[in-house]
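Below, chain A partners chain B and then partners chain C, in two separate complexes.
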Partner chain A sequence: MASASTLTKLRYRFVPDHVIGEILSKKWIDNAIPLLVLVCVVAVFGMLIPNFFSGSNLSITSRQLGEFALICIAMMTVILVGGIDLSVGSNFALGNFMTLALLNLADWPVAAAVPTVVLICGSVGLLNGVLIGYLRLRAFLTTLVTLIIVRAVVDMLLLQYVQAMSTSFYQSDIWDLIGLGGLFGIPFSFCVLIVVAIIGHVLLTRSRPGWRLMAIGGSRRSAHNIGLPVRSTVCAAYTISGMLCGLAGVLYAARLSGAGSDTGIGMEISALTAAVLGGNSLGGGRGSIVKALIGAIIVLIMTNGVLRLGLNSGSGPMVLGLTLVFAVFIDVRWLKNRDKLLNKVYVSPTYIELPEPVSTAAGAGNALALNDRLRDVEIIGLAAVESPEDVILDEDDYLYCGTRHGDIVRFAPPDYTSHEVYAHIGGSPLGMGWDKDRNLLVCVGGMGLYKIDRDRKVVKVTDETNRSTLSVVDDSRLRLADDLDIAPDGRIFFSEATIRYEMHDWPVDALESRGNGRIICHDPKTGKTHTALRNLIFPNGICTSQDGQSILFAESWACRVSRLYISGPKAGQVERVLDRLPGYPDNINRASDGTYWCAIMGMRSPALDVALRMPSFRRRMARRIAPDQWLYPNLNIGCVIRFNDRGEVLESLWDQGAENHPMITSMREHKGYLYLGGITNNRIGRIRLDGRDKTWSSFRSYWGGPNVRHAS
Partner chain B sequence: MSAMLRDLADRFLGRGQAAVTVPALDGALKPNNLLEEAPIGFPAASADNLAVTETGLIYSSEGTLYRQGSCGGPASAWKHVGEPVSALAVSANDVVAIAAGSRILLIGPDGNERAELSVGSQPWAGVTALCFAADGSLLVAIGSARNGLDEWQRDLLDGGCSGSLWRIDLANGRSHQLAGKLHYPNGIAVEQDGGIIVSEAWQKRVLRLSETGKVIAQVVEDLPGYPARISPSGRGGYWLSVFAPRSQLIEFVLREPAYRKAMMAEVDKEFWIAPALRSGYSFREPMQGGALKQMGILKPWAPTRSYGLVVEFNRDFVPVRSFHSRAGGRRHGITSAVEAGGKLWVTSKGGGEVVAIPLAAGGN
Partner chain C sequence: MRLQVVARHLNQEKIVFLLTVALVIAFAALLPNFLDRGNLLSLVRSVAVLGVLGLGMLIVVLGRGIDLSLVAIMAISVAWSMQLIHQGLPVYAALALGLVFAVGIAFFTGILVAYAEIPPLFATLAMSTFVYGFGRAHLITGTDVVYMPQNMGWIVGLGQGKLIGIPMPIVIAALAAFVIFLFLRFTKLGSYVYAIGDNLAASRISGISVRPMLVLQYVLAGVIAFVAGVLTATSVEAMNTRIVNSNMIYDVILVVVLGGVGLSGGRGNVRNVIVGTLLIGVLMNGMTIMDIQYTVQNVIKSLILLLAIVIDSVVNPRDEQTGQQGDI
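Showing the complex of A and B:
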C-alpha cells in the first residue's frame, strides 16, 4: 500500500495533467488535427513516391504551392466571413490570361501589367462583394454565376487571342525571375506566399479589420447589432479574394507562359477542400492563415502524389472528395465536442496528503476545542451587503467592506447602522489594507490590485505580473487577487489564490488542491510587479509580521500557515509556522497583543481528506457528476483562531450552530472589538473582546500615530 | 470478452453501468414542505415502527413501545422491551409481533406474551420488517445476514445482497425461507390475494412476490430514495416510507471500490459518503457543492444525505402524492408511516419525532 501511494505521489508530481485542459483551452489547438493529417500525408507519400524529399521535387512543389496556397487563402478569407467563393478558379484563369495578354500582346512592362491584373481580378471580386455584401444575394449562387460568366469570358477571349498569344513571346529578366528564379534559392512564388501569409496573419489576428471579419463570420447579426460595418466588410473580403486570385494567376502565367481552356478548372473544389481540411469552419468565424496553408499543402501533396503514383484518372478527385468528407466530419465533431471535452478534462486533481488535524472536540482541552464564544455576535448591515470577504476600519472607526457588486461600502460609527457606497470598483473586492498615506488598497477578484485614494478615486495599481517561462496559458494577468498586506518599506505583497479558476468557482480549486496560486509583490516605488512565490496551494491570507521582517501567508487547501522572509538575513526563505489545522485558513491579521488572528473559512471533513489522496477518484467525480454534487470542503462553518509567531494556537472562537454569522473569511481587531467578514454572508459581525487593548488599531500598528486618542 | 471491453469503455466514458443518474423528484413526487411543516409532532428518540391496533397506534422509541391515540393526545409508555425494537406488526386479532435484538416476541393486547404461539427456537437477528399474512402466519424480513442493523450503511456500501424473507407458522413455530439474496428487504405488505409486497432498499424498488416467495413483478422501480416500510392506505393503495435520498455522489462512490474501502476503514461511519437518517449536525460530515450556503441560506434543493419522504401509491403502484421534508429540514429519515384517524402518522427516526399530517392537506 505504501509503495502504491508513493507511486501515485510520483505520478502526480511529474505528470502535469492540468496542462491538457490548458492546451485544449488554447485557440491554436484547432490546428492539431489538420497538422496531424499533414504529417500523415507527408509520411505516406514520402514513402510511396521516390525522390519525394529531393531538392528538385521540393522546389517544384513549393513553386506550385505558392500559387495554390494564395487561392486557398482567398477562399479562407471568404469562408471566414461566412461566405463561399466558387469563382476563384475562373478568376484565376482570367488572371492568367490577362497577364499573358498584357505582356505578350499589349507589350506592357511587368511592373504595370501585374498591378493591372490584380485590379481586374479584384474587380471580379468586387462584383461578388457588391452582390453579396450590399445586395444580400446568396454567396453560393452568386459566385456560381461569376464562375460561369468569367469562365465564359475567358473562353471567348481565348478563342480570339490564343493564336496571336502563342506566336509571341515575352522576354524580360524580371519575368524570368518570377517564373523560374527565386530569392536565396527559394522559388519566387513561394516568397510571395510567405509575404502574403505574414501580412494576412498579422491583419487577421492583430488588427481591427481582421477581428471584424471574424466577428461577422461568427455571428453576422450580433456584429451588425454592435455596429460593425457588415456590408462593407463582406464586400472587402470578396474583393481581397479576387485580388489574391489575380496574384496567383500572375504567378501561374510566369511559370507556364501558356493559356489554355483547362486552366483553373476544378480549382474552387481543391481550394475549398484545402480550406476546410485545414480546419477553417465552413460556418465562418473560425479560421486562420496557418489553417489555410496546412490545408493547401495537404491537398497539393495528395493531388500531385496521386498523379505521380500513376493511378487512373478518376482517382485524384476521388481521393480529394473522400478527404473533404472526412474533413467536414472532423470539423463538425470537433466544433461540437471541443468545449464538452474541455469541461470534462479541465478539473485535474492532484495528490495531497493532509496531516491528521488537531482535535476540535469540545472536551479535548486544547485551544481549538469547540465553544460558543461567537454565538452572541452583533450583526451589522444585515441584507445591506453581500459577500463582505474582508472588513477593515480606519482611524475614525469607519467600517469598510467589499461586496460582490463591486462596491466598497462604508458604515458610520458608532452604531454602524447607516452605510454608503464609498467607492465602486467592479469585480469582487476581497482583501483590503491601508497604506501609509491612508489610501485603501483592495485586491479585486477578476481584476487585480486597486487603490482608492482619500478623494475616493479608484486607481488601478497593477493587474499583471511577469509571465512564467513554461506556462501554457498566459498567467501574467491576475485572475483572483485575494488578500494583501504592506511591508514597512511600502512594498505590497498580495496573494493570487489560483490561476486556473475564476472568482465564481474558486471552491473547485479545492478539488484540485494543486499549487495553483502565488504570492505577488508590487513595489510602488518602481511601479514593477513580480511573482515572489509560486506553486502555493490556494494562498489566501497575507499579513506582515509584527517585526516587519516577514509576511505570514495561509495556504487554504493545505491547511497551513507559512512565513516568507522579505528582509533581513533570511530574505526569500520560507518556513512553516502553523500546520495540521482542522480547517481551511483564510485571512490573517494582526492582534493587539503581538499575536495574529486567522479566520478558518471552512472545516475539513474526513471523507474529503481520504479523497484528497485519490486524485483519480476526484477526477472521475468531476467528469461523471454534476458540479453541484461534487464533494466540497465544508465552507458552511468556520471559526477564528489566534496564534503567535511560534505557531502556537492560543485561542479559538466558534459558533457551532453557525446561524448568527454563518461563515468567516476575515476578522479585524479594532479598539476592543473583533469585526468579522464572510464571503457567502449578507452581513458583518462584531463581538467585544474581553481584556484587550481598547485603544489599539491596526492602522497604528502598521504606521504609527498618536498613541491614545480616546482615553478609555 | 466483448462484455469486458464494453464495461471498460463504459467505465472510461461514464456510460451504461458506470453512469450515475438519479431520478428526479417529479410528477407526484414534486417536492413540498408538508411533512416538514406538519403541525403535530411529538419528540421520541429514534421513533420507528408505527402500527395500528384496534385501540390506537403503537410505535417504538428505542427499547420502549408507546401507545398513541389515533386522534392525537399524549402518548403513554406501554411496554419496555429492553433492546431497541427493529420491527413491529399487529395481527387481525391484535397479536403484536415485536422484533428486538435477536428475538421475536408475540404479545397480546394485555401486554402479556402469548405462550400458545411460537416463532421457533432459532434466533431472529437483523429483522427489518414484520407482517401478518391473512392465514395468521408471520412474514419476516431479514435485512442482511452479513451486517448488523446498525451497520446498514456498510451493508449498502459493500453491495449487500444477503437479505431474506421468511414465513413462520406461529401455531407450530416452523419457519421456512421464501426468498433469499435480497438487497436489504425493508418493508412488507400483504395483498388481498395473498401476494407479498416487499421493498428492497438497496435496489430502490418494490417487488411483488407470490405466496410461496416467487418474484412475480417489480411493481416500483428506480425510486429516488431508499424505501423502508410499506403500509396500506385508506384508498386501497400503499404508503411507502423512503428513509434516505439517493444522490449522484453516493451512486458514484458505490462505483469506486478503492475509495469506498479506504473511507470505510479510516472514517467514522457517521461521516461516510453514504445515505443517512439525519445530517447537518457536524461539520465533519461530507458536504457537496450545492450545499454551500449563500447569504446564510441553504437551498432546499441542495444535495443532501438525508431527506424526509413518504409516498402514496394507488393499488396499481402508481404514485399519487408525496410528503417531503427537504434539505436542511428536521423531519428526516422516515422509516414508517400509517394512516389512522384521518391523519398520516409518520416516524422520523432521524429527527426523533412522531409526526401526524392531516390527510385533507392534500399533497401532490
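Showing the complex of A and C:
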C-alpha cells in the first residue's frame, strides 16, 4: 500500500499531464495534422522518387511552389473572410497572358508591365469584391461566373494574338533573373513567396486590417454590429486575392514564356484543396499564411510526384481526390472534437497529501477549538455590497471594500452607515493595500494590479510579468491577481492564485490542487514586474512580516502558510511557518501586538482529503459528472486565527451559527476593532476586540506614525 | 407605389422567365426560322441532358448540399458500361454494373457528407476528382472516348428515337422532371428533403432521419446522372470522358440557380430548373444561329447569370443580421 502510494506520488510528480491540455488549448496545434500529412507525403514521395531531394529537383519544385503558393494564399485570404474565390485559375491565366502580351507585343519594360498586370488582375478581384462585398452576392456563384468570363476572355485574346506572340520573344536580364535566376541560389519566385508570406503573416496576425478580416470571417453579423467596415474589408480581400493571382501569373510567364489555353485550368480546385488541406476552414475565421503554405506544399508534391512516378493519366486525380477526402475528414473531425477532447483532458488533478489537521473540537483545549466569539458581529452595509473579498481602513477611519461589480466602495466613519462608490475599476477587486503615499493598490481578478491615487484616479500598475521559458500557456498575462502587500522598500508583492484558470473557475483549480500559482513582485522604482516564486498551490493571502525582512503567504489548497525572505542574508529562501491547518487559509494581515491575523475561508473535510490522494478518481469525477456535483472545498464556514512568527496559533474566532457573518476571506484590525470581509457575503462584519491597542492602525504599522498623516 | 408592388412579386424565377420570353420574342423577330418546329425541338433537345442533370442537382441543392461529382459519375459509369459491352459482357449486365457503380459512388459520397460530416462542396469535389482518376486509371484505359457499341438494341432509341415526332431525349427529360416533381411534391420523403434543406437541426429534432435522407439525395442524384449519361452516349454514339474537365458541371449549377433555386437549401422546385434550362437553351440556340463564337457564348451566358443574381439580390437583399454564417 505504501509503495503503491509512493508510485502514484512519483507518477504525478514527474509526468506532466497538464501539459497535454495546455498544448491542445493552443491555436497553433491546429497545424499539427496538416504538418503530419506534409511529413508523410514528403517521406512517401521521397522514398518512391529517385533524386527527390537533389538540388535541381528542389530548385524546380520551389520555383513552382512560388507561383502555386501565391494562389493558395490568395484563396486563403478570401476563405478567411468567409468567402471563396473560384476565379483564381482564370485570373492566373489572364495574368500570364497579359504579361507576355505587354512584353512581347507592346514592348513594355518589365518594370512597367509587372505592376500593370498586377493591377489588371487586381481589378478582376475588385469586380468580385464589389459584387460580393457591396452587392452581397454569393461568393461561390459570383466567382464561378467570373471564372467562366475571364477564362473566355483569355481564350478570345489567345485566339487573336497567339500567332503574333509565338513569333516574338522578349529578352532582358531582369526578365531572365525572374524566370530562371534567383537570389543567393534561391529561385526568384520562391523569394517573392517568402516576402509575400512574411508581409501577409504580419498583416494578418499583428495588424488592424488583418484582425478585422478574421473578425468578419468569424462572424460577419457580429462584425457588422460592432461597426467594422464589413463591405469594404470583404471587397479588399477579393482585390488582394486578384493581385496575388496576377503576381503568380507574372512569375509563371517568366518561367515558361508560353501562353496556352490550358494555363491555370483546374487550378481553383488545387488551390482550394491546398487551402483546406492546410487547415483553413471554409466559412471563414480560421486560417493563416502558414496553413496555406503547408497545404500548397502538400498538393504540389503530390501532383508532381504522381506525374514523376509515371503512372497513367488517371492516377493523379485519383490520389488527389482521395487525399482531399481524407484531409477534410480529419479536419472536420478535429474541429468538431478538439473542444470535447480539450474539456476532457485540460483538468488534470495531481497527487497531494495533506498532513493530518489540528483538531478543532470544542473541548480540545487548544487555540483552534470552536467557540462563538464571532456571534455578535456588527453588520456594516448589509445588501449594499456584494463580494467584499478584502476590507481596508485608512487613517481617517474610512472603510473600503471591493465588490464583484468592479467598484471600490467607501463607508464613512464613525457609524459606517453611509457609503459611496470610491472608484470604479472593473474586474473583481480582491486584495488591497496602502502604499507610502496613501494610494490604494488593488489586485483585480481578471485584470491585474491597479492603483487608485488620492484623486481617485484609477491607474494600471501592471498586468503582465515575465513569461517563463518553458511554459505552454501564456503565463505572462495575469489571470487572477489575488492579494498584495508592500515591502518597506516599496516593492509590491502580490499573489496570482492560478495561471491555468480564470477567476470563476477556482473550484476546478481546487480540484487539480497543483502548484499553478505564483508570487509576483512589482518594483515601482524600475517599473518592472517579475515572478518571484512559482508552483505554489493557490497562493492567496500575502503579508509583509513585522520586521520587514520576509513576506508570509498562504497556500489555500495546501492548507499552509509559508515565509519568503525578501531581504537580508536569507533573501530568496522559503520556509514553512504553519501547516496542518484545519481549513483553507486566505488573507493574512498584521495584528497590533506583533502577530498576524489569518482568515480561514473554508474547512477541510475527510472525504476531500482522501480524494486529494487519488488523482485518477478526481479526474474521472471531472470528466463524468456535472461540476455542481463535484467534491468541493467546504466554503460555508470558516474562522479567523491569530498566529505569531514562530508559527504558533494563539487564538481563533468562530461563529458556529454562521448567522451574522457566515464566510470570511479577510480581516483587518483597526483601532481596537476587527473588520471582516467575505467573498460570498453581502455585508461587512466588525467586532470589538478586548484588550488591544486602541490607537494601532495598519497604515501606521507599515509607514510610521502621525507625522505621515501630517505630511499629507 | 405600383412599381414597389411589382417588385415585391418579382423573384428570380419570374425575372428569368420574363427574360426568356423577351429573348424568344427578340430572336423570333430577328432570326428567320427560329420559331420553326424543327428548330424549337432541337433547341429543347440540346439542353435535355443539361436539364436532367439539373434535376439531380436540384434534389441535392434542396437539401442544402451541392454535387460537383455528377458529370464525373455520368461520364465514367456510362463509359465503363460501354467498355464492358465492347469486352463482351451482355448489354443489360454491363448497364446494370454501370448503374451499380454510379449508385455506389453516390452512396459513398452521401456517407461522406451525412456521416463523416464533410462539407458537400469538398466531398463531391474530391469524389469527382477521384472518380475521374479511378476510371481513367483502372476502368477505361488507353482512350479518352468510348464509342457506343452497335449491339445495344432499343437502348439506342433513348438517344436517337422519336415519340410522336418528339425526340426521345426530350421525352425522357420531361418524364424525369414529372417523376421528380411528383416525388418532391407528393411524397413524404420529398417533404423531408425540403425540411432538411430549410433547417437541418429542426428536422433532426422533429424526428426525421436526417442522415439516411442525405444519403438518399446523393444516391438519387447518382441515378439521374447515370440516366443522363445513357442519353448523352446514345445521342452522340460515344462518351467522351474528358467532359469531366470541361465547364459542364458549372453549366449544371447555372441551370439550377438561374431558375431561382436557393443554394442555401429548401427553396426551389422542378419548375425553376425548367425555366433555367429553357433560358440557356434559347440563348445557346439563338447565338448558334447567329454564329457567335463559343467563348463569346460563354461570356454572354455568364453575364446573364450574373445579371439574374444581381437583380435577385437587389430585389431580395440579403440582410447582415439574418445572413447565415458560413453560407458561401
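By definition in this document, the second predicted complex is superposed on the first by the 705 of 712 C-alpha atoms of A that agree within 3 Å, B and C clash if a C-alpha of one lies under 4 Å from a C-alpha of the other, contacts with A are read in each partner's own complex, and residues count from 1 in each chain.
In this section, a contact is a pair of C-beta atoms (placed from the backbone, for glycine too) under 8 Å apart; a residue touches a chain by one contact, two chains touch by 3 or more.
From a predicted model like this one, the values you see are computed outputs, not experimental measurements.
S.K.: After the chain A overlay, clash or fit between chain B and chain C?
M.R.: Partners fit side by side after overlay.
S.K.: For A:Gly260, is the partner it touches chain B (first), chain C (second), both, or none of the two (neither)?
M.R.: Neither partner.
S.K.: Name the contact category of A:Gly594: first (chain B only), second (chain C only), both, or neither.
M.R.: After superposing on A, A:Gly594 lies clear of both chain B and chain C.
S.K.: Who does A:Met663 touch here: chain B (first), chain C (second), both, or neither?
M.R.: After superposition on chain A, A:Met663 lies in contact with chain B alone.
S.K.: Would you check which partner chain A:Tyr632 touches, where first means chain B only, second means chain C only, and both and neither mean what they say?
M.R.: After superposing on A, A:Tyr632 lies in contact with chain B but is clear of chain C.
S.K.: How wide is the angle at chain A between chain B and chain C, using CA centres, rounded to the nearest 10°?
M.R.: About 90 degrees, rounded to the nearest 10.
S.K.: Should A:Ile269 be classified as contacting the first partner (chain B), the second (chain C), both, or neither?
M.R.: Touch partner of A:Ile269: chain C, not chain B.
S.K.: More chain A residues touched by chain B or by chain C?
M.R.: The partner that reaches more residues of chain A in the superposed model: C.
S.K.: Looking at the overlay, what does A:Asn682 touch: chain B (first), chain C (second), both, or neither?
M.R.: In the superposition, A:Asn682 touches chain B alone.
S.K.: Kindly classify A:Gly46 by the partners it touches after superposition: chain B alone (first), chain C alone (second), both, or neither?
M.R.: neither
S.K.: In the superposed model, how near does chain B get to chain C, counting Cα atoms only, in Å?
M.R.: So the smallest C-alpha gap separating chain B from chain C comes to 20 Å.
S.K.: Residue overlap on chain A between the chain B contact set and the chain C contact set?
M.R.: none
S.K.: Once bound in the complex, which stretches of chain C touch chain A?
M.R.: 112, 116-119, 121-123, 125-138, 141, 245, 247, 250, 253, 257, 263, 293, 295-296, 298-299, 301-303, 305-306, 309-310, 313-314, 317-318, 320-321, 323, 325-328
S.K.: Applying the document's contact rule, which stretches of chain A touch chain B when the two form their complex?
M.R.: Interface residues on chain A, with respect to chain B: 386, 507, 603-608, 610-611, 613-614, 617, 620-621, 623-637, 659, 662-663, 680-683.
S.K.: Which residues of chain B touch chain A in the complex?
M.R.: Within the complex, chain B touches chain A at residues 14, 18-20, 247-249, 252, 256, 258-259, 262-263, 266-268, 271-273, 283-296, 298, 302-303.
S.K.: Can you tell me which positions in chain A touch chain C when the two form their complex?
M.R.: Listed in rising order, the residues of chain A that touch chain C are 82-84, 131, 135-142, 144-149, 151-153, 155-156, 159, 219-221, 224-225, 230, 265-266, 269, 272-273, 276, 282-284, 311-322, 324-325, 328-329, 332-333, 336.
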